[in-house]
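Which chain is which? They are A, B, C and D, in the order written, and residues in each are numbered from 1.
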Amino acid sequence: MGYCGEGAPEKAKLMALLEVHNLTKYFGGLKANEDISFSIKKEELVGLIGPNGAGKTTLFNCIAGLYPVSSGKIIFSGHDITALKDYEVARLGLARTFQVYVASGDMTVVENIMVGCFMRTRSRSQAKTRAEQIMKDFKLHDLSDYILSELPVASQKQVAIAAAVGTDPKMLLLDEVAAGLNPSEIEDIMATIQHIHYNMEITVMLIEHVMELVMKISDRVIVLDSGQKIADGNPETIARDPNVVKAYLGERYVHEHAGELT
Amino acid sequence: MEALSSALDFSDFPRLDMIIAGVLGGLLVIFPATPHSAFAMATMIQFLMFSLYGMGWNTIGGYGGQVDLGKAQYVGIGAFTTAVLMVRWDVPFWVSMPIGVCFAVIWSFIIGYPLFRLKGHYFAIATIATSLVLKDIFEVWDFVGAACGIEISPIKYNPPDFLHLIFKEDIYYYYVILGFFFLGILYVNWFRKSRLGFQLRSIKDNEEVAKSLGINVHWAKIKTYAIATSFVSVVGSFHACYIKNIEPEDTMSLDISILIALMAMLGGAGSLWGPIIGAGVLIPLKSYLKEWLGARAGLIGIDLIVYGAIIMLVSAVEPRGIWGIVEKVRRRKRN
Amino acid sequence: MDILVSSLFAGLLIGMVLAMVALGLTIIFGVMEIVNFAHGEFLMVGMYTGLLTAQATGMEPLLTLPVAAAAGFLLGIICYFGFVKFVIRGPMVAQLLGTFGLMIFLRNLALLFFGAEDRAIHQGILVGKSFNIGMGVIAPATKLAAAALSVIAFWAVWLVINRTKIGKALTATSLNPQGARYMGISTERMNALAWGIGGGTVTIAGALLVNFWSVNPFMGLLFTMIAFAIVALGGFGSVSGAFFAGLAVGVITEIPGIWDFLTYIFNFGWMADVPMTSLKYMWVYLAYFVIMIVRPRGLFGWKR
Amino acid sequence: MKKLFLLTLAVCLVACWWITGSPVIAQAKTVKIGAIYPLTGGAAAAGRELKAGAELSAKIANNMMPGLDMDMAKNAGIKSLGGAKIKLIFKDHQANPTLGADLAKKLILDDKVDGMLGCYHSSVTKTVSAVCEQYGVPMINGTSTSPALTTRGFKWFWRTTPHDKWFTKDLFELLKGLTQGKVKGVKAVPEKEISNLASACEKTEWGSHVSSIIKSLAKEYGFNLRKSLLYTAKAPDLSSEVRSLKAARPDVMLFASYTSDAILLVKTLKAQKAKPKIIWGQDAGFEKPEFRSTLRDSIVGILTRTVFLPKVAQIKKVAGQVNALYKGKTGNDLGGASARAFTGVQTWVHILEKAGSTKPADIQRAANAIRIPGDQLVVPWAGIQFTPSGDELGQNVLGSGLIGQYQMVDGKLVLEIIYPFDVATADMIFPFKWF
């Protein structure tokens, strides 16, 4: 469908925020990402799915500047961030969370979020007020003074997201925020993500295994399999895409149940 | 003047702490008025000096989690700058001290840049190496008196000389270092709540995450290392005027580095009071054990044996030191 | 010319013993990634054991090796079960702090028992004998014997690590403790064994060194640093690497001689004034620092 | 939780009030003298000698000793002070200057001593004398030989022993004597045969000064100093130092070493087959009992400068008597350290007799005016008299040194005097060879 013929503000809203061109990443011999290209528009909520070892997290790390890419180009809001260090990328407004985030040390919840806020301000008081604001939005204010590492995983993930939001980013990369959470916690996380996306107007890209979550909240889903992008479209089409099904269920199953899916 | 207010603001500590701290602070101020032996006085000055060393170490080693075992080289830089300037050109302490800090900071940048590419054990050992290298250089460098070191002749000045910090009675030295001590506490109190402080603590927690939050980890570490350095260097300058005869062998020896680190680690690295508690426990223990068992019973080294035992115990039971235990107990009380 | 050759020769000789010193450290590190700051103190214990047994029994100092080895092995095991065991679970800071405590403890225990005087032995058939190999190279019999023995010991350890079942188990533990545990290897016992071997080898080195060097309670640290330098150079956890690195460091400690040689060649006035002999060990520390910066995994490192 | 706070509280309190030691009240009839010696640590051996020597001297001063031809043995205690007894308070500085200074403060302020004694290591003497100078407490130094000590213009510091410049001069006199055939039992040696020197000195205060003195004197006497190096006394190994000495092919090797490094040096020299014609040690390590007992016959022929040898006992009557007492007390003969410590205390006694009070000012006056005749002393000096002015303030001008050589006399290792030539007790072994 073409977006042509719409208003200027619309245009501004819909121009690409993140563009990835032919990104390829090798680890020594093995190919983690091969020739991946996609672009994400402002205020989109994109899901990135794929079977284990498909190279989703590697892709994130390349975008966030944790790994140097082997070849390809990454543009974020007009800047070429291919060669930038991770903290430089973060300062440009591309925040991310980690798949396994083990909090250690003695920092409290509020302090953790303040670290994020300190990226934009030097003043402690400003950072503090901002952090408190965020905690209110995330319904974390009653946890404020607890040591993070002593809280349950769910809260830790919430705080991690909150800290990332504290850097007030244009875009947020969420890596398996729902992994290892129970349904009700997943509900909360989902609410949080949607809050970030709709109320805070932050573009979100998330890796997720919990399908109902992805399918429910994503505007668009990108599917990786063994390092390659095999599909890209809205949830409904993805769900029916034979490649995707193959990727998830395997060749044989698809052959046996041919016909059931069309 | 946000910095000042935050430096003076201890409100995040429980009232009990503040009361105790206040009482102890008061005691420190009135101590010289009480009847005391010269030995007790010397011990107290040692205690204050090492608390300051510890505070300095604590910024990088405690809040930043970078175990630095090379602080003695900065004691040396501070001490020798002051001594050389005073002996050769009669420069007052209050001038030579900042100069010493400059030298120390410059050196800290020079070695800090490569040093912080290392982590953990590798970093710790490398700091020892650098410190020993500098010591060996000083021991053959005639300009700073080589291995004989430099003597600030007491008869060239007529005490009390506040400009050159040459006194006869220790009480003057006591109050000077006490002043530095309180300033140090305020500074660290500001630091731990400053942007850099927060960044450092999050680096200690998890460098990946810290980077993802836009922190330039390498640079943050180097900056803090310089801060720690200037602390140590200032006390080093004071040491020169207090001892009046400094040699690389006992000013820059590794034992100093170790002691500095131990003060903070034992008391509780990464907490404001940690280094002070550590020094408060170890220094009297050291000197009095030495005095009693060492000199009397001829059991030389017994003090350090007890030391070693304590250290091993702490590291096995509660790595976060005495303060760590306190906090643990508290938390158990709270929930 | 003579001075150069003889220095290099002496460097290699002492290097073999130094390699032996570092062996224990690298094994322990390889198996459990803990840096033992008390390593030099282990060496000191070895030297005292050798010295005291030799003086007490009046036997040939080189024959005290088994005693020293046994002592070191015990010391290692005791340290592990009595202390290290509790520290390895803790954070890195705790390990540093802990092994430091161990260092201070052992050092001053020695001070208490043996006093601060340097001790040296001057007995045995080898004392005072030395062979003139020519080119000005004079090899003291004690050093020759020490070097030879340390090579043999090194080779033996290397065999144990690479050829025997236990050795394989050790390697397995070092590569992947989890996996090793699944394979039914008791990592606990392997760690203890590593400490045992570590202690044993370094005390042997001590008993060798005491034949021509003097010992005092404070000497440990120097050797800890030397051992670190060697291990860094040879690669943390690499046994064969340690040997060659040892030789290299041995030569580094002979830089004064090499400098003399250069002085005689170029014969600039200022060269003679450089107090190289006082800077002897500085080069070792410098080497460590530089190596760590440019090649953090060590020259032959296979593990970090 | 409270407990822990109370603990820290307690410890800090301790620091304040714990040993707020009841300052010792100076009771009449004793003169307290603080003696800071290296009783433990690397030089503990020397420390024991020093302590023994000083104690013996105090004992003689405090009691009548009929069989002894010394003034201070004539009466018990100090007559002019109504028979006040000397009380020595020993402290252990472990060769650490900073610790030494602390101890000095403690002695002066807490123990209220009337005077000080010590400290063997020149580096420690430096800091301790600085403290004494500040507090105006008289200090007599009997055993530190760094020339720098008396050039600082201190008004409360007197040194009885001759310093290294003199001792080193003695050596060069001996070398000159060799070339002129003055030495007992050696006919004149051609100059070129002993013209090449090499020196190795430990690198603290004392050694580095000796090194520079050797440099200047070598120039003055027209010898050719091929190599002069400094080394760490604590180093476990000195082989590279020795090799570099050897490479200079010197005829004469000069050392300034403490005990353990002296032993190590000689061992390594022998192992390296070094072939100097003369090996000379600047006292300290080279005349300690440990040095002999460890190396035994391999030191035959080595020269050492000293201020006292058992041989002196044969020449000097007083020395003989004191040596007998000392031997009875410790089992060893008097050595350089013990004899000089003895003399140090003796000097104190004489000064106090003269002063007739323990007021610092009187002591200062007495010390500057004192003149102890040589026949009172165990050491072979012309006497004790301090320079009251000039650039060598408080240095004893009547002291002198000896040079001894280890020789085998019917299976026993003894130090024979070979310089000054007139009191030489044996033929010099020249050239030196390994036994």
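Note that in this section a contact is a pair of C-beta atoms (placed from the backbone, for glycine too) under 8 Å apart; a residue touches a chain by one contact, two chains touch by 3 or more.
The structure displayed is predicted, hence computed values, not measured ones.
For the pair chain A and chain C, chains touching both partners: B.
Of all the chains shown, the one with its CA centroid nearest the global CA centroid is B.
Chain D has its Cα centroid 38 Å from the Cα centroid of chain C. Chain D has its Cα centroid 79 Å from the Cα centroid of chain A. One finds 32 Å separating the Cα centroids of chain B and chain C. Residue positions of chain B touching 2 or more other chains, listed in rising order: 139-140, 147, 300. Contact of a single residue of chain D with at least two other chains is seen at positions 40-41, 94, 203, 230.
Shown for chain C are the residues that touch two or more other chains, namely 115-116, 275, 278. Taken chain by chain, the contacts fit none of the simple shapes, being neither an open path, a ring, a star, nor a full set of pairwise contacts.
By the document's touch criterion, interfaces exist between A-B, B-C, B-D, C-D. Within the complex formed with chain C, the residues of chain B that make contact are 65, 67, 69, 114, 117-118, 120-122, 124-126, 128-130, 132-133, 136-137, 139-140, 147, 254, 258, 261-262, 265, 269, 299-305, 307-317, 319. Across the interface of their complex, chain D is touched by residues 16-17, 20, 23-24, 27, 31, 34-40, 42-44, 47, 139-140, 146-148, 151, 153-155, 159, 168, 170, 243-245, 247, 249-250, 277, 280-281, 283-285, 288, 291, 294-295, 298, 300, 322, 325-326, 329-330, 333 of chain B. Residues 40-42, 44-45, 94, 203, 227, 229-232, 234-237, 239-241, 243-244, 247, 259-261, 263-264, 267-268, 270-273, 290, 294-296, 298 of chain D are the ones that touch chain C when the two sit in their complex.
Interface of chain A with chain B (complex): residues 64, 66, 85-87, 90-91, 95-98, 101-107, 111-112, 114-116, 118-119, 122-125, 127, 147, 160, 163-164, 166-167. If you check the complex, the residues on chain B that touch chain A are 2, 6, 193-195, 198-199, 201-202, 204-206, 208-217, 270, 320, 327, 331.
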